[in-house]
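Two complexes come next, and they have one chain in common, chain A, joined by chain B in the first and chain C in the second.
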Partner chain A sequence: MHNKTSKKSFIRKYIFSTDHKVIAIQYLMVGLLFLAGGGMMAYVIRMQVANPWQPIPFIGQILFPQTGGIVMPEVYPMLFTMHGGIMVFFAVTPILLGALGNYTLPLEIGAEDMAFPRLNMQSFWFLFLGSVLIIVSFFVPQGAAGTGWTLYTPLSSSLKVNPGWGVDLFILGLALDAVSILMGGVNYLTTFFKMRAKGMKLTQAPLTSWGVVFASVLNTLWLPLVAAALFMVLSDRRLGTAFFVAGPLAPVAGGQVLLFQHLFWGFGHPEVYIIILPVWGLVGDLLSVFSRKPAFGYKATVGCMFTICSLSGIVWGHHMFTSGMNPLVGKAFMFLTITISVPTAIFFLNWLGTLWKGSIRFTVPMLFSLGVMFVFAIGGLTGLFNAVQTLDIYIHDTYVVVGHFHYTLAASVLLGVFAFVYFWFPKMFGREMNQALGKIHFVLTFIFVNLVFFTMMYVGLHGHMRRIADPTAYEFLKPVQHLNVFMGKMTGLLVLTQFIFFFNFVYSLFFGKKAGENPWDAAGVVWTTSSPPPEHNYNTPPQIYCGPHEYGIENNGKDYVAQTNPKAAELTGAKNTQSQVDSGDTLPWLNIAKTGMWSFLISEIMLFTGLIGSYIVLRLGSASWPNPSEILNTTLLGINTFILICSSLTLVLGVHHAHAGNQKELRKYLLLTILLGSAFLGIKIFDYHHMWEHGFTMGGSLFGSCYYLLTGFHGLHVLSGIIVMLYLWVAAGNKEFCTVHSSRIEASGLYWHFIDLIWVILFAILCLL
Partner chain B sequence: MVFPEDISAVGHHVDDLFYLALGLTTVAFVLVIVILAYFLIRYRSRPGHKALYTHGNTAKAFGLTVFLALVVFVGIDINLAIHDHHAWEATWGTVPVGDVLRVEIQPQQFAWNIRYAGKDGKFATEDDILTINELHIPVNKPVIVALQSKDVIHSFFLPNFRVKQDAVPGMVTSLTFKAVKKGEYDIACAEHCGLGHYRMRGMLTVEEEDDFNQWLDAKSLQNTPDMTWGWTWGEGK
Partner chain C sequence: MMNQKQPTIKSYLGIFGWLVVLTVIEIVAANLGLPKLALAIFLVGTALAKVLLIALYFMHLKFESGLIWWIPGIPMALAVFFVLMLFPDIVYHLTNKY
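== the complex of A and B ==
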């Protein structure tokens, strides 16, 4: 059934495709374009710091024709802000999660596509819309955001110090990107846990897949937190609230500046692991392939990934040692942070163990993987300096930090991205990239990356602050200015080097040597299908007999056992486990639609955790708080609560009928639920209007801000719930709807109950307490 | 010369902490890289050389893992934590008593508003002495600076003392330092605060107590009272 290549129009096949392989390539192209753009900004940044207020060589005249190629003081912050924001969210994340995740995950676990192909396509287009906003933001009056990608408040949140639309567009672009990432996460998690090929145990999945899965878990948990914070920033800017503004700038009292930093780094620290995890996984797999040895301590490696993920959620305070927080809290954050060195050390041990007594082939992807090991060793170890509280107070916000996180984020990730592209190119496009050019590209990139970022840390130790446009303004920085000049030149060379890659990529796309299905002698199941794979990946659904790393075994003149080899158990000497073939579905009691819905609901829960948590912190920190019952119409809101609870009941009945296949009854109850939901919204709007008239406005008091923000967000969720149910109601007019889609109705039901539950909580904490 | 000149009484604790961390991480790094290089040469693919088939799930590998975890945890983590604790106690953990100089600073985009208490020793009074970007302190005397930002977050950074402290709107933060050497030094803003962040530079003059008092007197003669900011010491607003 699957090997029939359906005839599709060009647009359906290459633009609005639901094929994960096409979508992956779309992500890759967008990501590489932004990587180039971000790299160009890095060059401009470095040249400005090297020779302040001099025309930027080569591209200055093109970028800034009005000023004769000179970077103006108001442009410099835009450059480093958008460089950081673009690199993290629009270059590296799309490449590593979007492209690497999308391309490798279904193929490597032997699935025919993602669990939700349409959602997958939409994820890409959300990213695309986000990218458009980011690009547009450069051209609005007063230009792009210039607050630093960290968007610290009140610099970002007060219109008085930051008018213009740059920050708003940046936040909206990030929000669209976040939607894209979360929808992607729903897909990766569901696909991984429910759609592995028959026989593939969890412990037989490649490390790359594990990396993508853990990254998705972290995104699902923590991305909504920063989304909540960014919406509050937007509200501070455009709706007159002051959640994160205090002091003379604040329109109303009670806002907390540091709350934003807690929320931001609550996500921001896990984010660095989100970015690096897929690279770790990839490197783990590639070291095994090219050492011709099984991945050493596979389970320990996965365990370390899990431990690091868990720890990453509780160390955010190490970014805030100088913010004025309690030193004891700082000590706790410091200690938690440095304990991450333990699982990281085990990780390295396993990498070295994989190489030990191997038969190492120095292919281009292998060189880049080894490069990742080298630079990540530096990045990880320099992290210790930043974690030591007393020392970090000195090096915080200097180039030590910039150098450190570029070793982990930029150097490791850049080399990892290249390892990914060189290794997977043959599978993606059916042609091989030129190895000689690849090696030259590696050597030069490796040298320049290290020269730039190591020097960066050195000037940082001398006290060189980050984010300053002109270091020559300071006397104490004079002795290291020549190093800024040096870094400028090296960055130029680094950027130039990437043209080798660009040329190799384009040339190989059209003229590269034709690749067979398995150009690397790799054992994973994906290397048994054609290059590029057919529309649904495998002509017949594969069956898995062993893990992905069975190298170093004599087998018919080859030195590995493919995952699909039925004699694998015999060849590898594994104890015969055939009596219990894994179904490839870890959650048999939860259908695919519901699994996806739960993953989505967890991020929704985290979004409301961010919002409700902020409310609690703001309220506890306030000198006085009004009595809600004197302001709000508690009776009316109580009635509204009752209405919403009723709508949950009618939906339960509807789902019941859906299971029984009774479509008419289903539609009746759906309609009833929609009506009740609409009634809730109607009363809500009436209530808003009434209170607003009586002077209880959003910008008038902190309570008003919290009330409208929380209930407003909830109202939007009700509205989207109603739209989903309207859709189901229309669709249920179709015959045979129930038999095919009852699981979808159930999943939507879950969402509606969740919305109702949130309202009950909001009602309790806003109106009653 | 890695660091800028240290003119403080306790800044060497920070430098020592750095050198300790540098030593520990260098050992770890060199170990990893030497082993890596050895493996790459020794186990390179060549005719006649075969890879060993092992998943590394042996008791030996397990033992090595536990050993490594312990070494890292005790040798690096605990070690650093203890030294950090001592350094902290010697620097931020020590509150100066007795004869200290108190200063209030309210940074704004893009300048440092500096306030001395004046003759009455009280802040937020008419005789306060105000300067902009110009901080004078006596040598060998502890100074406590209290910070509160007027607009966005700034960070008061003294590279020659190895200290910095954010100034946040809506809350008062503070830091303490003592100079042991006279001269002119930089005050830098370390937190991005807008397009003029790079030029938000202050000048620190460390001088003999007599010179300092003279300077203060001269300043107080040309003083125009500014009651738009300043707070009673220890309270903030």
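== the complex of A and C ==
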């Protein structure tokens, strides 16, 4: 354990830092910046709908000087597209997973940092690069993407419909964001399961950490699915394929528009829970802290998170009830969706149980937590209506849906973000935020949020469609136009209210009251270290003796027992005595490197599920499919298969020698693996060249599209594997590396074998069948 | 707990041999002119056998705790579920097979 702060340059300490706390603050700043940008777009959207084709008050002249502050028709789709995309992927996700996850998880479990600090830093910079692309997309000819944040095809996939580079930059930005989130997910999972403080059982981890863990599970599982879809859209746009283009727009027959929707919502629905689970966990913890009571039904709450996490991945179809999907499939999705309400209701009841007869302290974080409860209740209950297939057909694409998802995704998340910032600010910066300003901020935000989003649902019931720039063009919407004006004004006030928060945030950073270790009288282990914590979080490794919610217990004039209190067992009646302490490592049979790699391989399995699954569906749905052996050179592909199998053998032999500490043999086999991998790639390039010259191109047929995309993606993985092997080969020149880091070599080997395994599948079902 | 019996170089060579043999059989089968369905079943079967051999021996699943199967097992189950759910909506819908 480190007990001294190492001396680092400014750049290493604050820009390219590997300290999870600094990285969390970087995420927070980027997230808040995009939150402000996305919020400003929301204001412009609402003002346009309220007073169509009139100059936008206050900021119109700044944003649209050429048009005198008026939003032009072609700009409006860009606004709602980028508002959605930015809010979901570049504001809320960085704040709740990047900032909240990074800051709280290692501290709350008593770890000194994340499992992979350098990966953590890279994760932030991938997000940063993605953010840059998103910003740049506003300034290219034809402007930013105007496809809707869902990027529905063929609107997004056909250049004939959307020729500008804005869509491409949006997709690439999202892809970089996805890489960033996946890196984070691998880190969170490994850190949580391998690095909890000694004594901390799984059931003694704070609910916030559980929320981050389950969100990471969902990210690792489902994000790659949409990543695969995004690459296929990009390929349709720029490489001439036709995965998601059909009809007159398609260069070749067989593309499937609906397939994109399945892939998108396969991730899109879990994304709701990816965002909300950390907030729910946080609220669960805060309600306990400020009710001075243990979290009611802690284990049931974690169980509900698990159930919600499991179900959320198999209900995506309820977003597509009006897509013309098979009614039987629709019914299955409806049933599964409604099932989610059961664990959600238990979750909510547990919150109420925590509050019941508590000594409630109405601090600012507590007020925001209660706010989350209120708005999520409305969002959750209105979700039930949307889940019913027969009703959804009527309200789909109306403001009912917009109001519903803004209650669940915007209102509850926004309030959750503020609960997080107000509660953790003292620990992050060593100063407290002003409580009076915070309370004014809460009251006004709560009022305006409800006035905007509830009104949305009301106008939706009048049949008000979403994504229209001028409701006055429709006779039947004129009776509710005054409500659009009302929403515009309330949105303006909501935006104005946030200046109170930004003022409080900046003012408190420099002039706020100095915070002690534990300004909230909280029991978690994190509140036993200084504010802000030292570089490696704890000066001595903490030992955990009880859960994080031991409140309402008389303890030397305090009403709580800290997790690190050695007398906790005596005071709380807990069974976690010294002789029964947990090691804090849930997977003792899997080292950290392999845990990280297996977490990563989960996402790889899902990435190839998106690609190979799409191929299977497109092929089986096609009226005809050529015989691959008549087009491909199967002998050459067979030789390539042999080469890759050989490389797996050489690598496994290398790992065998690494374990034995035989440096020379290890390097020999690593080099052989690199050479075989390179030979595979060389033959692949030759094969491509040969095929292309003989007319088998990417855009010539659906088979060509599938062949080049799948094998190309696999080839990129081989290339990545070669780079990793080269790094290991160089590093293994140092004898110490070979003996100390054999687990890293073995973990990298897992990746290589996985690549081999994917080729085995592709060879059989794509090249031979 | 971790399985104590660790693989040897001989066992790796044995697995490699099986993988090569199965690959040769696949190529031969693909050129025999078998009916499409039979070929599909055969190729998917041999591919799965090869996948299992790689996962069990080269990726050491056979020698780890049994709990490790949950890690690849969950995404693979979800992958199968996902693809199957697309069948009624896309495959049968397009080919009017229902």
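Convention: the second predicted complex is superposed on the first by the 763 of 769 C-alpha atoms of A that agree within 3 Å, B and C clash if a C-alpha of one lies under 4 Å from a C-alpha of the other, contacts with A are read in each partner's own complex, and residues count from 1 in each chain.
Throughout what follows, contacts are C-beta pairs under 8 Å (C-beta built on N, C-alpha and C of every residue); 3 or more make two chains touch, one makes a residue touch a chain.
Just so you know, these numbers come straight off a predicted model, no measurement behind them.
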Q: Return fit or clash for chain B versus chain C, each positioned on chain A through the superposition.
A: fit
Q.
Between chain B and chain C, whom does A:Gly516 touch in the aligned arrangement: first, second, both, or neither?
A. neither
Q. Looking at chain A, does chain B or chain C touch a larger number of its residues?
A. B
Q) Considering only C-alpha centres, what angle arises at chain A between the directions to chain B and chain C, nearest 10 degrees? A) 90
Q: Would you sort A:Gly661 into first (chain B), second (chain C), both or neither based on which partner it touches?
A: neither
Q: Kindly classify A:Asp559 by the partners it touches after superposition: chain B alone (first), chain C alone (second), both, or neither?
A: first
Q. Which holds for A:Gly695: it touches chain B only (first), chain C only (second), both, or neither?
A. neither
Q: Identify the partner contact of A:Ile645: answer first if only chain B is touched, second if only chain C is, both if each is, neither if none is.
A: second
Q.
Looking at A:Pro163 after the superposition, I want to know if it touches chain B, chain C, both of them or none. Which is it: first, second, both, neither?
A. neither
Q.
With both complexes superposed on chain A, which partner does A:Gln256 reach: first (chain B), second (chain C), both or neither?
A. both
Q) If you stack the two complexes on chain A, which partner ends up touching A:Leu391: first (chain B), second (chain C), both, or neither? A) first
Q | Distance in angstrom between the closest Cα atoms of chain C and chain B, superposition on A | A | 8
Q. Which residues of chain A are in contact with chain B in one complex and with chain C in the other?
A. 256, 258
(Q) Residue numbers of chain A touching chain C in their complex, please. (A) 221, 225, 256, 258-259, 262, 266, 313-314, 317, 325-326, 328-329, 332, 587, 589-590, 598-599, 601-602, 605-606, 609, 613, 616-617, 620-623, 629, 634-635, 638, 641-642, 645-646, 648-649, 651-653, 656, 746, 749-750, 753-754, 756-757, 760-761, 763-765, 768-769
Q: Report the residues of chain B in contact with chain A in the complex, numbered from low to high.
A: 1-4, 13-14, 17-18, 21-22, 24-25, 28-29, 32-33, 35-36, 39-40, 43-46, 49-57, 61, 64-65, 68-69, 72-73, 76-77, 80-81, 84-85, 87-88, 91-93, 109, 148-153, 155, 157, 159-160, 162-166, 168-171, 173, 184-186, 188-199, 201
Q. Which of the residues in chain C come into contact with chain A in the complex?
A. 1-2, 7, 9, 12-13, 16, 19-20, 23-24, 26-27, 29-31, 39-40, 43-44, 46-47, 50-51, 54-55, 57-60, 64-65, 67-68, 71-72, 74-76, 78-79, 81-83, 85-95, 98
Q: Name, in rising order, each residue of chain A that touches chain B in their complex.
A: 73-74, 76-77, 146-148, 152, 154-155, 158, 160-162, 245-250, 255-258, 291-300, 322-324, 327, 331, 334-335, 338-339, 341-342, 345-346, 348-350, 352-362, 370, 373-374, 377-378, 381-382, 384-385, 388-391, 393-394, 396-398, 458, 461-463, 465-471, 473-476, 479, 549, 551-553, 559
